[in-house]
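One chain, subunit A, links the two complexes that follow: it is found with subunit B in the first and with subunit C in the second.
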Partner chain A sequence: MSVIAPNFKLSSFIKSLLDNIFWILLLLVLIGIPLVFMVLFVIPLPVIDGELLTPFLALSWIADPSRTLPIIQAFLETDIFRVMAFPGFGFAALLAAGTIFAERKMMAKIQLRVGPFYCGKFEGILQLMGDGLKLISKEIIIPAKADKPIFWAAPVMFVAAAAAFVALIPVAPGWVVADVDLGLLAVFAVIGFFPIITILSAWSANSKYPFIGGIRALFQMVSFEIPLILSLLGVVILTGSLNLSEIAASQSNFPWIIFLPVGAIVFFITMLAELERIPFDLPEAESEIVAGWLTELSGMMYGLVQLGSYLKLYAFAGLFVVLFLGGWNGPMVVPSFPMELIENGIEMGPITLKISGLAPLLSEVITQEMLNGTLWFVLKTVGVIFFIILPRGVFPRIRVDMLLDLGWSKLIGLAFVNIFIALGLLYAGVLGPGGLQ
Partner chain B sequence: MADIAFLALAVITIGSAIAALEMRSLIYGSIALMGTLGGVAGFFFLLDAPFVALFQIAVYVGSIAVLILFTVMLVKRELIFKKIEDPRRKFAGIGLMLVMMLALGAVFIDSGIKTITTDEPPVNFRDIGADFVMYYWPALILMGLILAGSVTGALVLARREDVENERTN
Partner chain C sequence: MFGFAVAAMAPALVISRMISPRKRSNPVKFLPMECGQVPSGEGRTHFMMQYYPYILMFVVFDVMAIFLYAWGSAILELPKSATLPMMGFLAIMFGAMAFALYQSGRRRIW
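And now, the complex of A and B:
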C-alpha cells in the first residue's frame, strides 16, 4: 500500500492547526486591531448622503443592496475602475489569457496534436493558471555579467508600455481609459517605446543570442513602423480626426475597410511584424537563436514579457477593429432590461423582491448601448486575434532580406496607394462633405 | 501644480542632459539622452502643444534615440572616441553655457513673453493643418519634396541588386 505521507499523525496535525489559530489571534490582537484603530484615527472618513461612513455603518451597508448599489455605481464611474478593471488592464488581461489558451489549442489542432490536456477537467483549461503559478514560483536567474538595473527594469517597462497602449483603445461609447484628442499620435508614440525596451533588455543580458534577437527586433520594428503609420493616414484623412473614439463613432454606417482595403491589409501585415508573430518572428526564432531576446529572462520576468506581448496583441487587434472594422458599432442585439421589474419588484409567492438602487445603475452606467458596444467590440477583436494567430500554424518564417524588402519597398508603396485612394474618395465627393458622410 | 511640474521637468531635463554628457557608459548616456528628449516633450505638454509633444516622443525618443543606441551598440567605442582629460575645457564649456543662457534669457525676458496669457486652450491641430495649407504652403511643399526624396532614396538603398540577380538565376 502506497502512502503519500507515511509519518502523518492526526494529533500533530490538529496541534499545528491550533498553533496557527493561536498565532493568528495573537497577532491580530497585538498588531491588527491597534493598526485598524490607528488608521481610523488618522484617516478622515468620507461623508456619504450626509452620514459619516464609520466602519459599523459600512458593515451594515453590505447587507443592504439599496445602500451598497450607489457605492458600486460610484466605484464603476471612478478612474481607478477604468484603469484596473473594465476597459483597461483587467479586461485586456482576460482577453489575453483567453488568446493564449485558444492559440495553444488551435495550433495543436492544426498540427494534429492534442495540446494542453490534463490541467483542469475539461481540455486542459487550467493550463494557463498552472503555467503562471510555475513562473511565479521559479527562481529568477540573472546572468553574472548582466547590466542589472536595465535587466530588471526592462520586463516591467515592457508591460507598462503595453498597458499604456491598451489604455488608449476605446471599447464602448465613452468607455476608454484615456480619451486623448490626439489618440492615434499617442499610439504612435507608445509603439515607439517597444524597440527601445527590447534592445535595452537584449543588450543588458550580455549574452550572444539575446543580442542577435534584440538587433533583429530593432530593425524589424523600426522599419515596419513607417508603413504602419502611413497605412493609418487614410483613415485620418477620411475621418478628419485623430481621436480614436471619434474615428470609431464615424463608422456607424459602414466600416472603413470597405473603402480602404489596401490600408487594412498593410496595417495587418505590419501589425504581425510589430507583434513578432510568425511569419515575422525573427527576433525570437527558436530554431536559430534559442529564444531570441527572451533567452536570458527567467521566472516571472519571462512571464511579464509574455503578458506584455499578449496585451500588445490585444491592443493591436483592438486598434484594427477601431480603425477599420467600425469599433463598437453593430446592430442592437442586447435586449433592453425590463424596467418594470426593477420598479415593481418580482413577486414570488408571498414575497415581493424589490431592489431599489438598480434603476440609476442600469440607466447611467451599464446601459444597453454599452453592453451592445462591448459585445460587438469583443466579437470583432476576437475575430482579428484569430486571424493574427492563424498564420502561426500555416506559414514558415521568412528570411531577413525578404522581410526588409517587404517592409521598405512593397508595404510603403502600398501605403501610399492607400493614401491616394483616400484622397481620391475625398476629392471625388464620394465621402466627406456632400458625400456619403 | 504647473509650477511643480515645470520644476520637476526642468530638473529631469537638465539633470539627464548633464548625465548624458558625463556618464562613462555610452548606453547609460544614451538612456539619459532619452530622458532629456522626454523632458522636452513634457515642456511641450506644459505649453499646451500636445501635437508637438507627441511627435517629439514618437520621433526623438522613439526613433532618434533608437538610432543612437544602435550605433553605440554596434561600434567599438575605442574607435570613435579618444578622451582627452583637460579640466580647462570643462570650465570653458561651463562658462560658454552660462554666457549663452544669460544672453538667451535676456532676449526672452525682453521679448514681452510676460504679457502672454496662459489660460488659453490647447492649440487645435486642425488650425496647424489650416495654417500649413494656407500660409506656409511653400514650406509644406518643400518638406513634402524632401520627404518624398528621402523615402525614394531609402527604397533605392533597400533594393539589393545582387539578391535580385540570385533570385532570377
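And now, the complex of A and C:
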C-alpha cells in the first residue's frame, strides 16, 4: 500500500487549487459563455404564456409550481425529450434492462437454477447494475494487429443502429421519434446495417473466432432478410401504406395476425434469426467458437454490444406488435383524470391546493389515449419478448446448412403463401375498400 | 436518435478507459484469443466460404423483394388487371429461385 502523495505541501495544494479555479474561470469566460450565446441563437426557444422563455425566465419560473408545469409541458413536446426519454432511448433501455433480468431469472427457473439472487435485497434485482459497474471498470484489451478505429467504432455503431431502429417504432398515437412515410422501408434499411457492422467488427479484430462468427452472422442475417421482407408484404398489401403509425392505426378493429397468421409466424422465426437468439445463435455459438464475433470484445465494448442487441430485441418485438398485434389499440382501461380536481383544486380543511398548469398538460400531452396506448403497447411487447426469450431454454442450436435450407426453401415459400392469402382476402372483398373495417 | 446514441455511448467507452486499469507489461496479453494456445498464422486467413451461392442469390432476390414493396404499397390504387403481370414476374422469379436453390444445394461444385 503506497502513500498517495508522499511530498504533500499545503501551500502547493492551495496553489494548484487556485490554478485550477483560474483555468476553469478563464475557459468558462472565453469558451463557455460565447458558446451559450451562439447556441441560444440557433435553438428556437419556446413561447409560454405569450412570453419567450429565456434562460433567465426559465430559472426564475422554476420556483413557482404554476409556471413550472408549462415549462415541463414545453419540454415534453420537444424532440429532445422524444429522443432521450419516452418513445426513444430511455424507454427502450428500461424495457431492455427489464428483459435482461427477466430472461436470466426465467432461464434459471427453466433449468432448475436460482439465477441472480444476492445482488440487491430482493431476488438479485440489482444484478444488472452490478454487471454494468463490473463491465465499465474492466480493462479494454484490443488485439495487437487489430484495425483500431473500426474495432472501437463497431460497438458504438451497433448501439446507434439499434437506436435508429427504436426511433421508428410508434408507441402511442403521435408518440414516435421519427414518423417516416416509408417507415417499413426505413426499418429494412436499418436492419441491413447490422450484418455490415458485425462483419466489420469481426474482420477488424484480426482473430480467427470472430472471423468465423462474423461470416456466420453474414450468412444468417442475409438469408433471413428476404423472408423477413416478404413476410411483411401481406400487411402492406392490406393496409396500402408503409407508414408504421398508419399501419398500427389501421388495426383498430382487429389485428392482422387474425388474417395473416402465416406471415406472423414467418416474421417471428426470421426475427429470432436476425436477433441471433437460440435456436439461431450460430454467430455467437459459445460451445463451438468461443463467443463468435464477440470473442475479442472486452469490458464496456462487450457491454455496449449487449445493450445494442437488447435494444434491437425491443425494437423487433415492437415492430411485431405494430404490424401484427395492433400496436397501441386496445380497450380503454386507463381511468380518466378527475377533472373537478383541476377546476376546483384539492381541498384539505382550510387549505385549497390548486395547480393551474395541470389542465393543458393533461389534455394536450399526457392524455388518456396516450397512457392507454402506451399500456397496451407495453403489455403486448412484453408478451412478444417473452416468446422471443422462451426458446432459449427449450431448443438446441441448429446447423448452418439446416439454417440456410430453412431460410431459403421453407420460409420464403411460406412468405409467398402469406402474400397470396393477403391478395385473396383483398380480391374476395373480405378486407380493403368495401370490405370489413 | 442515431446521433444521440453515438453521443451517449462514446462517453461510456471513454469513462471505462479512464477508470479501468491499463497495464501494458505483457505482450502475450494482446495476442488474439485462441483458447490459450499461442495463435498460429494470421488472424485474417483464407477461409472457405462454403455457402456463397446463397450470398449471390441474396443480391438478386433482395432487390426483387424491395420491388414487390413498390407494387404492394400501391395495390389499392391499381386496377385488378395490373396484378396479372405481377404474377408473371413472380412466376419467372420462382423458376429462377428454384434453379438457384438446386444449384446451391449441389455441394460438389462448391
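Criterion: the second predicted complex is superposed on the first by the 377 of 437 C-alpha atoms of A that agree within 3 Å, B and C clash if a C-alpha of one lies under 4 Å from a C-alpha of the other, contacts with A are read in each partner's own complex, and residues count from 1 in each chain.
To be clear about the criterion, a residue touches a chain if its C-beta (ideal position, glycine included) is under 8 Å from a C-beta of that chain, and two chains touch if they have at least 3 such contacts.
Being a predicted model, the structure only gives us computed values, none of them experimental.
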Following superposition onto subunit A, is the placement of subunit B relative to subunit C best described as a clash or a fit? clash
A:Ile33 contacts which: subunit B (first), subunit C (second), both, neither? neither
Does the superposition put A:Pro195 against subunit B (first), subunit C (second), both, or neither? first
Looking at the overlay, does A:Ala186 come into contact with subunit B only (first), subunit C only (second), both, or neither? first
Quick one: classify A:Ala167 as touching subunit B (first), subunit C (second), both or neither. second
Tell me which of subunit B and subunit C touches more residues of subunit A. C
With both complexes superposed on chain A, which partner does A:Leu57 reach: first (subunit B), second (subunit C), both or neither? neither
Determine, under the contact definition given at the top, whether A:Tyr427 touches first (subunit B), second (subunit C), both, or neither. second
Contact residues of subunit A, present in both the subunit B and the subunit C interface: 185, 188, 203, 211, 215, 218, 222, 225, 240, 242, 401, 404, 408-409, 412
If you look only at subunit B, which of its residues touch subunit A in the complex? 27, 31, 34, 50-51, 54-55, 57-58, 61-63, 65-66, 69-70, 73-74, 122, 125-126, 151, 154-155, 158-160, 163
Under the definition above, what is the set of subunit A residues touching subunit B in their complex? 147, 150, 180-182, 185-186, 188-189, 191-193, 195-196, 199-200, 203, 211, 215, 218, 222, 225, 240, 242, 401, 404-405, 408-409, 412-413
Residues of subunit C that touch subunit A when the two form their complex: 1-6, 8-10, 12-13, 15-17, 19-23, 27, 29-35, 39, 42-45, 47, 49-51, 54-55, 57-58, 61-62, 65-66, 68-69, 72-77, 80, 83, 90, 94, 97, 101, 104
For the subunit A and subunit C complex, residues of the former touching the latter: 83-84, 88-89, 135-145, 152, 155-157, 159-164, 166-167, 177-178, 184-185, 188, 203, 205-209, 211-212, 215, 218-219, 222-223, 225-226, 229-230, 233, 236-237, 240-242, 290, 295-296, 299-301, 303-304, 307, 400-401, 404, 408-409, 412, 416, 419, 423, 426-427, 432-433
